[in-house]
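Multiple structures follow.
Presented sequentially are two complexes of chain A, the first with chain B as partner and the second with chain C.
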Partner chain A sequence: MKRLGVLIAGLVAMALAGPAGAQDTPRFGGELIFAVPSEMPSYDAHRESTFGIVHPMAPHYSTLLRVDPMDRSGSKVVGDLAESWTVARDGRTYTFRLRRGVKFHDGAEFTSRDAKATYDKIAFPPLGVASERKGAYVNVEAIEAPDPYTLVFRLKWPQGSFLSSLASPWNWIYKADILAKDMRWYETHVMGTGPFVFVEHVKGSHWVGKRNPNYWDKGKPYLGGYRALFIKDSAAQVAAIRGERAHIQFRGFSPAERDSLVAALGPKITVQESPWDCVLLVTMNHEKKPFDDKRVRRALTLALDRYQGSQALSKIAIVKEVAGVQVPGTPFATPPAELEKLAGYWRDLIKSRAEARRLLKEAGVPEGFVFTFKNRGVPMPYEPLGVWLIDQWRQVGLNVTQEVAESAKWFADLRGGDFEVAMDAQCGYMVEPDLDLYKFQSGPTSADPRGISDANYTRYKDSVLDELYVKQGRAIDLEERKKYVREFEKRLLDEEVHTMYTLQWHRIIPHNSRVKGWTVTPSHYLNNQLDTVWLAE
Partner chain B sequence: MAVKPAVLGDVPEVAERGNWRRTVLDFCRARPLGAIGAVVVAINILVGLGANVIAPYDPLTTDYGAMLARPSAAHWLGTDAFGRDVLSRIIYGSRTAMLVGFACAFLGATLGAVIGVTSAYFGGRADLLIQRVMDIFLAFPLIILALAVVSILGTGIGNLIVAITIPMIPRAALVARSSALAIREMPYVDAARAAGFSHRRIILRHMLPNVMAPYLIMLTAYLGQAILLEASLSFLGLGVAEPTPAWGLMLRGAAVQFAESAPWMAIFPGFAISLAVFAFNLFGDSLRDALDPRLRTQ
Partner chain C sequence: MGKYIVKRLLLMIPTLLGVAVLIFFLMRVVPGDIVELRFAGESAFASKENLDKERVRLGLDQPIWKQFLTWIAGIVRLDFGKSMWTGAPILEEIRLRFALSLQLAIMSTLIAVLLAIPLGVIAALKQDTWVDYLVRIVSIAGLATPSFWLGIVFILGLLIVFKWLPPMVYTPLWVDPWQNLLQLIWPALAVGYRYSAVATRMTRSAMLEVLREDYIRTARAKGLWDKLILSRHALKNAMLPVLTVIALEFAFLMGGLVVTEQVFNLNGLGLLFVEAVAHRDYTLTQALVMLVAFVFIFVNFLVDLAYAWIDPRIRFR
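Presenting the complex of A and B:
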């Protein structure tokens, strides 16, 4: 009873507290301590794709544009080192006015030369230099720096999402002089224009930064410094926050962990939650029988009771919303009424499962058919989702065994096509169809190993889907683009059932109530520069 | 009338047929703890074999309306995070534990005994070489070696059995060799050699049966170890995979997350593991004392 009382008090407190209140006056000083469940493979964000680099290192850097740190939807693009910009009438030329007086941490002045060198490295990396997201810039024809404070991007065709792609939290601005000498210098060193200066990194232990007194945004940052603690074990992260040895962990906790922190700390904990631009997908290998038959793939998605799954799993895992190819509530998300028309989203479960059984029978798949589901050896949320999926398929007479592989093997098996049905994942930094859908363009197959999207492990070619992807990307009119996104979604999830969306992740950040000026967004890659964050008394 | 010649090295039967009941009663009287262990082991085996008759629910059936339900009349030991009956999963889990335990203990002890006896029989360089190879394996703690093997082979019951068996082989070989070294010098082995019997025949028919006492002791001792290793590897996510009911697996994931609000998810499988391992150890120790008192000090 006492615990329940504390829990209720905590929930009331968090409801009242909400995100950092704008009415509060920021306080200077203090060290923010946060847990990071992963560690960076190198120091170069252009080549990496883990939050393990963004969380501890983003405070050292600036980007050309960024997502407004106070925007909960994580979609409002604002300038960072770019003060303003214009787009030419033909939609193919973007001109950016850069801020003056911005200094690198070594005192050198930032100019358009640095921005150009950075984007040249990202979009046109020389041989031997990895750029994880160069595929997102295939439309860039040229990057020019006509004067020290102007940067121009010339595109091959108009692209509605181009500004969003420049707000990527991975595109840290590097120093041109350093890149000219050694393109790989940033893999092992730190030198940016961000709000915090690098102090030390002790591998497996911590990362420390201190306030940059010369930061371009005068009066910021508020914190005196920060300390990132590398803690892989989830229980240890919870213990660190419960024991007030850490203020926050920016990736997220499970509902049970949230409840345990709220029960333990009451009003000392503030909880922020958001739909998460991450989803676990079920990928069915089109080169393995019987999954080459779309009736079988359709049966697999029809077997799922996503609505009940959402209700049940949201109590024990970091998943919640039933969604199509876009995060619910965002501009291009399919309305629920329309979503319910897609296979596997029907409200009538009896009809759905009867149809699944009929399709399996028609495809010659016998009752009790056995196949292996390959899952990733990461507990949350892969493990509960795996158990749920296997149980759902059992309801239509399929007998599924699970094979759990550690991450490196799981990735290798997915890329090599060594699976029948497997769990796959998709996480984005911004909810934007161009960034969320590129994965599903034709991927590598045995017959043709060159795919448009190397991130597509399902081993199919679909020219209709490829065309729809390009059409939605080129559409400037919002309604026209929505129409193409819907068509893409219908083909991907209903007509061809190339893949299956399970449940949208749900981000839960219980943090120490002293942390102010930080707002949860649908991406754990966003909002890590910490320039707006401060610690209350 | 043809008379069957006596085979050199035949082992006289310790107890005459028909006297087994007396032997069992003597064992129970002399070693009551061992007898209790044996009863628990027998119950475990019976529960595993009859799981589909005994278990009140299908261990795989989820009930999202009864997630994390407390122990009650409907679910004696409560339910887990997916609404699955914990008692049913423990009952079916004993099948996994016994399967892995017996397979690993039997394979480990048998292969180890064969290698150990062979090594002792040949002696010289062959013995030296085999023992150094065994030493390499013995340098690693049991769980570390099992972890290494499972990370190479992958997860699943088959791979798990191999992973647990491999580290047991050198330990069994060491014990079997020490017993076989004495047997090697026995006159009946010399006689078998003189009679021109093959190495294989001498090892399998004349030496191996004489290491039966340490073999049985190893077998029972390894059963408990194998069950514990299976549970440990499954707990680490390297053993059997969900939704297969397995005791170690029941201790991970949601059981950790909900340790405070739903402690029954961890307590009962943990108790099942402890009880089984304790029972096997009690039984094994008593069997050792009964069969070969000399080994007590080892």
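Presenting the complex of A and C:
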């Protein structure tokens, strides 16, 4: 009973708490200790795709633009090394004025040459150099540095999301001189302009950074340093926070873990929560019968009671919001009333499931039809969502067998098309339709002459959808872009049901109440520079 | 004795070669691909072009027999290559974790031996008394309790009772012995208890067997002191199977403590092993398997030597 009281008090405190430290005066000094559930394979963020590189290493670097660290929607772009910018009337030329007096950690001055060399590496990597997100910059025609403090991007066509793409948390600014000598130097070394200087990395154990006294933003950072502890096991992460061996873990905890921390530590814990720009998708292989029939795919989504699922699953798993292709609460998200018109989002469940049964019958799928659902062998949230999906499909007369594959095999099977219906995942580093919808393009790519895009495991061809992707990307007007995103969403999830969104992930960050100046966003890749973070007494 | 040692050492070579062939080809049979795992992940932007480039860089585009020969040639030169996942030299990856795993294995073994041998002997001497029953209950409980579960109990107990958690970063013994012990004593106790349970039962049954031997009866008939009979005749002979159990358990600890390392967040070889397999890091997994195989074979070799020392009949056979 006492524990319940503490839990309720804690949750009330959590609900009342705003972004940490909004009204307080920052305090200097102290070492922030945080747990990181993954570790970077190399030190070069341009080539990696794990948050295990961003959390411990982002504090060493700056980006050209960044997402406002106090913006909960994770979509407001502000300058980092760029002080200001202008966009030409045709929307194809972006000119950035860069900050003066910014120093690399070795004392060298940052100029536009460094920014150009960095973006050349990302957008036009030389042979043998991998650039993970090169595909996001296919529109870049040229990058110019007309003077030391001006950087110009020339685009092939106007792109509404271009500023956001320059705020990517992966695009750390590297030093041109180093890149000129060795393009792969950054895979094993650290040299940035960020708020913290590299001190030590002990593989499998920890990463340490200390305050950069020459950081361009005078007065920041507040922390004297930070220490990232690589802790893979979630129970050990919880224990670390509970035992005050760590202040925070920036990726997220499950509801049960949050509750246990709140119950154990009461007011010593502050909880920040947000919809998470990650989602598990149900991928139906269009090359396997009967999933080549859109009536069957539609029936599969109509069988889902997402609203009840949200209520039940959000108590035990890191999923919560019922959403379309954009994170709720962000600029391009579909309003609930509109979302309810899409297949599988209807409020009338009886009607929805009756329609599902009718469609299955019409498509010749017999009662008790057996198929295999391939799930990934990762407990959270794949396991509870898999169980939920199978139960939902059973209620429209489908008999589903779950096959759980460990990650490497699951990836191999998805890529190779060795599945009927499978769980797929998408995690964005920023809520932005260009990034979130990229996966669903089906048009021919230079990499795959069969015309199936590399991450489109569903293996469909839909030129209408591809055209809508292009239109939304080139629309400069916000309302016009929203319209195309809606059309895209309707075609993807309702008309063709190429794929299914389950439930939006929900990010839960219970952290030591001493941690101030950090705001949760919908992406665990964002807001890791730590320049605004401080530790209260 | 010298001939015996040389013979045993030479026997290691075909065994290690067999392990090398097995692990190399088994890793290639397991589905999944390091390049897809690392560069595709949950990202939508991984292109086939990028993935192919990486395969070439890692040498995965080469014929499998060529990959095998390159690897074996490296082993002969004691060059295990680089980790495919991190790009760091494999010896460096292992060196970082080896000290912790070795220390934990030694500490656990010490705890196990200090518990098991006295308890096993007492239980045998006091067979079917309450002392024997108590020792048996304790040792059966140890067998039935996974060390990681005991580890969780320790952590929760420390957190709830003392509001304290062992340090989460490894400090080498020679840097700060106190910090080092504060971190490693708990997993050593958790592992050592289970380990001691196995050894206690083996000590008890070996002692019971030896105590019924003719030469013990003869020693008693000659009027030798009980203590002398026990230490000089019974214990030495009973130690043969116990030594084997202790040695095999020790070898297992070098790389086998996966869950315990997770629970205590220890940067040891067990976790490295699991991650290497999960990442399909062929080079690192192969090197770790070879290391563990070598430890097993070497420990067995030492046990054989100890056998020969304890029981002269073996070396003269």
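Observations
Going forward, the second predicted complex is superposed on the first by the 523 of 537 C-alpha atoms of A that agree within 3 Å, B and C clash if a C-alpha of one lies under 4 Å from a C-alpha of the other, contacts with A are read in each partner's own complex, and residues count from 1 in each chain.
Keep in mind that, in the parts below, contacts are C-beta pairs under 8 Å (C-beta built on N, C-alpha and C of every residue); 3 or more make two chains touch, one makes a residue touch a chain.
On a predicted model such as this, the values are computed, not experimentally measured, just so you know.
Applying the stated contact rule after C-alpha superposition, one finds that A:Ser49 touches chain C and leaves chain B untouched.
By the touch criterion defined above, A:Val387 lies against chain B but remains apart from chain C after alignment on the C-alpha atoms of chain A.
When the two structures are aligned on the shared chain, A:Leu349 is found in touch with neither chain B nor chain C.
Applying the stated contact rule after C-alpha superposition, one finds that A:Gln426 touches chain C and leaves chain B untouched. By the document's definition of touching, neither partner reaches A:Ala108: not chain B, not chain C.
Residue contacts after overlaying the shared chain place A:Ala239 against chain C, while chain B stays out of touching range.
Look at A:Val404: by the touch rule set out above, it reaches chain B but stays clear of chain C. Greater residue coverage of chain A by touch, when chain B is weighed against chain C, goes to C.
When both complexes are aligned on chain A by C-alpha atoms, chain A residues 235, 406, 409 touch chain B in the first and chain C in the second.
In the complex of the two chains, the chain C residues touching chain A come out as 30-34, 36-50, 53-54, 57, 85-88, 93, 96-97, 152, 155, 158-159, 163-165, 167-170, 262-265, 267, 271-272, 275, 278-280. The touching residues of chain A, when paired with chain B in their complex, are 235, 254, 256-257, 259-260, 308, 311-312, 315-316, 375, 377, 379, 383-384, 386-388, 390-391, 394, 401-406, 409.
Within the complex formed with chain A, the chain B residues making contact are 60, 62, 64, 67, 81-82, 151, 154-156, 237, 241-243, 252-254, 256-258, 260-261.
Interface of chain A with chain C (complex): residues 41-42, 47-50, 128, 130-136, 187-188, 202-206, 229-233, 235-236, 239-240, 242-246, 264, 278, 406-409, 411-413, 415, 425-427, 435, 438-439, 445-448, 454-455.
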